[in-house]
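In order of appearance the chains are A, B, C and D, and numbering begins at 1 in each one.
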Amino acid sequence: MIVMVEDKSLEIELAGLQLANPLILASGIIGTTPGGLARVTREGAGGVTTKSLGPETREGHPAPNVVKVKAGYLNAMGLPNPGVEEFTRELGEVNLGATVFGSIFAHDSGEFRQVARVMQTKADALELNLSCPHAESLGAAIGARPTLVEEIVSAVVRDVDIPVFAKLTPNVSEITEIGKAAESAGADGVVAINTLPGMAIDVETKRPILGNSSGGLSGPAIHPVAVKSVYDLYEALTIPIIGVGGVESGEDLVEIMLAGANAVQIGTAIADRGMSVFQELNSYFSNYLESHQITIPELVGKAHDH
Amino acid sequence: MIVMVEDKSLEIELAGLQLANPLILASGIIGTTPGGLARVTREGAGGVTTKSLGPETREGHPAPNVVKVKAGYLNAMGLPNPGVEEFTRELGEVNLGATVFGSIFAHDSGEFRQVARVMQTKADALELNLSCPHAESLGAAIGARPTLVEEIVSAVVRDVDIPVFAKLTPNVSEITEIGKAAESAGADGVVAINTLPGMAIDVETKRPILGNSSGGLSGPAIHPVAVKSVYDLYEALTIPIIGVGGVESGEDLVEIMLAGANAVQIGTAIADRGMSVFQELNSYFSNYLESHQITIPELVGKAHDH
Amino acid sequence: MGKDKLRIRKIKSVKGKTPSVKTFKVYDPPSTGADPGQFVMVWVPGSGEIPLAISGADENIVDLTIKRRGSTTEDLHDLKVGDKLGIRGPYGNGFSIPERPSLLVAGGYGIAPLRYFHQKYADQVRIHVLAGASTGDELLYVDELEPSAVTTEDGSRGHEGTVLHPFKEIIRDEKIENIYASGPEKMINSVFEICREKGLHLEASLERIMKCGVGICGSCLIDGFRVCQDGPVVDLEQLEEFEEFGVWERSFSGRRQEI
Amino acid sequence: MGKDKLRIRKIKSVKGKTPSVKTFKVYDPPSTGADPGQFVMVWVPGSGEIPLAISGADENIVDLTIKRRGSTTEDLHDLKVGDKLGIRGPYGNGFSIPERPSLLVAGGYGIAPLRYFHQKYADQVRIHVLAGASTGDELLYVDELEPSAVTTEDGSRGHEGTVLHPFKEIIRDEKIENIYASGPEKMINSVFEICREKGLHLEASLERIMKCGVGICGSCLIDGFRVCQDGPVVDLEQLEEFEEFGVWERSFSGRRQEI
């Protein structure tokens, strides 16, 4: 039995969406199927993000797809997904209690529009994955170029009626430039950050462990990078920011909100903390707001006051 | 009493320099004074890198300068240094047993040449810090731009007679582009990586902890990023690579060498492992080479065979 | 890091058990404390990484009983004593500790986790075993587990057909209320139907594609249930709630396909 | 993370000890297990972070005895009960545990770690104390430690001059071989010279600029010795080997300057 934290003080409004609390499941985590999304909803997330869906079925990279490193995980899933058509068909069969962010990826703006049109029929908002660092010629190549980001975001925004979030890669020298490109193209918000490029090599067999050789680093390792990215974006943008990266404790959650995140995604933490992490963070957060006599709107970005 | 690992199998040649072993003290770690460098030499490092020296005395950022995060440290020292003139004067008074890499930073190529000329009188090699992410208008701004890197490296290389290494920041979308710029400008080697930009905010006082707000992330957190950077650079370049980033165990050392590092710098590990880390890594490494029946030249880059 | 960090191990021994199954003994202390039903992720360098049940444990040695099926299991079968594997885990939950006479129902290599169950608990309670395979020479652990009955699809040994036939007989004849099943999902589904009808306690070990083993990638989902973390062992009540069990599984892309 | 992670604490009490020194009591269990001589890094939000010796410990409360000197200590002095500080540590080594009659030689706020020493060991061995300050009202812990002699630079209380005068007398008159000193480096240097001459055991607590406290930044070096990690307590043999001790210190830039 899951005991829900029902606390009005946790409710947020995000680019016109109503969420019961600011915790959102990160893309690629469990949200491979509608059943997975439904589960996380029951565990207490205010929103859930789907696995990134593309135009076609993709099996992803060869295994190993995941390797534990000292301060997190490297993953090289390779964007496996059943294709946006199949996924939305299934999504139509379930009724989720939470706000659904449909994450999509594609090769170019035309394809992004195409996938977006399908996804918008079943999602409450779109998240454009401009940033997956390990799918060759997809993702990071796009997300590092402001002009491409601008092109894709405007193409999608023009075409859909639900809020559009651009997910940014930290693997650039100035994340705010990319954020600004997304904002000026009409994005309703940004999501920061995706994984950092990383690699693990086994010293006994002397080879890279991941089937794809390298992958994306997530978990506690990247948390300070995420906090800094959100902090910088908050200075540069006026649209909402969803913070993500290594959030596993209540302190991590509050920290990234102080940096400027309006909502926060949870990913890798589920590996070590389990599904109860949503409940635990919400209950920490609820106590925090109470004991600090502060509301969420007051808290967001407060670290900039100093 | 320090028991030295004296093992000929650990000797390396690096851009014409002879090192007793591949372990080098990273810049900014203890090497603020010649006495600090001498100490690390006695602890068993094959080479030592000085704190980055600039044209003038700098006090650095206000405290706190260092904050512990889950998987490493954030630092915002702000490049405190007594100025290259004063530092080399002092350096001339001591006799170090190890190869000395003189790290320097400056605002532009003219100033880099100036500092380099002074530093080369007392160092065995130069390391150009193109990458410090937290000194405004210094460092990262330069290291993210291939043309600037090329300009600075050629200016320095033309002027000095000792090997010149370019230290790269990971805070770019393609580190190999920067590495190639350095190589084509005549660098004798590259050093990868410097710290990642990061931040920590205290949830009780709701403010950034570092005096400078944000800083550079080092330690275990960044190790997979360092391994990947070295791996990519090894594919792209022919000049030697010095690997650095979160190396704290013997496995970490071998791993980054398998990725392609000819030598390896040790920094943050000293905080948790103490000064004996040099002895311990050398002795692990010596056993590793013996038990795997492999020499250093065979080991370097071996992960690329697969 | 604990159990999640990849451990590189040398193979201690390899034994052909049937024409398509080999048992590997590997030095790996962390696995030997596992509960029967738990599994490990095994990396075959240069080939792939797959989930494998622990089929036995003894001192610091763990047993893996592996059927040759596709690329990775083939590469595994080519490995010799001294070759290296990567192991992480053990993962997931195990079967409950039996407190009364129990019946193990095994199909094919599904006998692997049940063999460990038997090894660990046979001196505590009476354990009956039913084992099925495609052919007689594919039957596993027969000498060791002394099944009450064996079945083969081609009738070359024991009853012709599946374990369902002797299963119905034994639960009719003997006072056994606790069933532990492992094998193809169709078999488990049938056992489940019968147990539900007869009011027997069932625990079964399920299989899905497992890309992470730590509960984040979503490749192993049955509805919202992560087989790698929340399972692989489930009980009858859980099976009753699943909509996808016995009907849908997921391909590598996450696309659902009929079982 | 352990002791290195910043802990945010509320000030429990503040007491003015002299016109320029206040003692703060702070709830901080990890510090209360420290050895006398160890220090903590104290963050004053919005101001700075400085090293401070532990001057006492009781249950879960640690004492910090702080002289107002520049910006951060001034901001510290402005703090009230309930205000927040960040603490990390304790860092460095401590004084050895005294086994014979001992003499504490304190100059100025340098008495802070020695007061903790006294608090912890006074019931185990006979401890003599000498305390010096600039003026009489700047003398610290006089009632508590009952010094054998006090000195002031202006002669307003005790001997006029420094602690060196009574120090020479007491080691001449009493059988004391173990000296523990803390205070300005010039004072420690003089005590050191005398101890060397007379063959006495000396341990002294040193100060340098400390930007990290964990042994990596190099701001606290004396030769190759990291005062934050390898010290701050050193013995006579170590002092003999130092070339910079008593001669050079380092500014914030690392530039050496005469002491």
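In this text, a residue touches a chain if its C-beta (ideal position, glycine included) is under 8 Å from a C-beta of that chain, and two chains touch if they have at least 3 such contacts.
Note that the structure is predicted; figures quoted are calculated from it, not measured.
Asks: Going by the contact rule set out at the top, which chains touch both chain B and chain C?
Replies: A chain counts here if it touches both chain B and chain C, which gives A.
Asks: Name the chain whose C-alpha centroid is farthest from the C-alpha centroid of chain D.
Replies: Checked the centroid distances; the maximum from chain D is C.
Asks: I'd like to verify one number: the distance from the centre of chain A to the centre of chain D, where each centre is the average of its C-alpha atoms, in whole angstrom.
Replies: 50
Asks: So what's the Cα centroid distance for chain C and chain D, whole Å?
Replies: A distance of 65 Å separates the two centres.
Asks: Please compute the C-alpha centroid of chain B, do the same for chain D, then give the distance between them in whole Å.
Replies: 35
Asks: Using CA atom averages as chain centres, what separation in Å is found between chain A and chain B?
Replies: Chain centroid spacing, chain A to chain B, equals 33 Å.
Asks: Of all the residues in chain A, which ones touch at least 2 other chains?
Replies: 70, 202, 207, 306
Asks: Of all the residues in chain C, which ones touch at least 2 other chains?
Replies: 46
Asks: Are the chains arranged, by touching, as a line, ring, star, complete graph, or other?
Replies: Graph shape here is a line: each chain touches the next, no loop.
Asks: So, with touch as defined above, which chain pairs make the list?
Replies: A-B, A-C, B-D
Asks: Hey, which residues of chain B end up touching chain D in the complex?
Replies: My answer: residues 28-33, 35-40, 42, 51, 57-60, 62-68, 70, 73, 75, 77, 80-83, 86-87, 90, 202, 204-205, 207, 209, 211, 267-268, 270-271, 274-275.
Asks: Given the complex with chain B, which residues does chain D contribute to the contact?
Replies: For chain D paired with chain B, touching residues are 1, 4-6, 8, 41, 43, 45-46, 48-50, 72, 84, 86, 88, 211-219, 221-226, 229, 243-244, 250-256.
Asks: Can you list the residues on chain B that touch chain A in the complex?
Replies: So the residues of chain B in touch with chain A come to 69-72, 74, 140, 144, 169, 171-174, 196-203, 206-208, 213-214, 217, 220-225, 227-228, 231, 246, 251, 254-255, 258-259, 288, 299, 302-303, 305-306.
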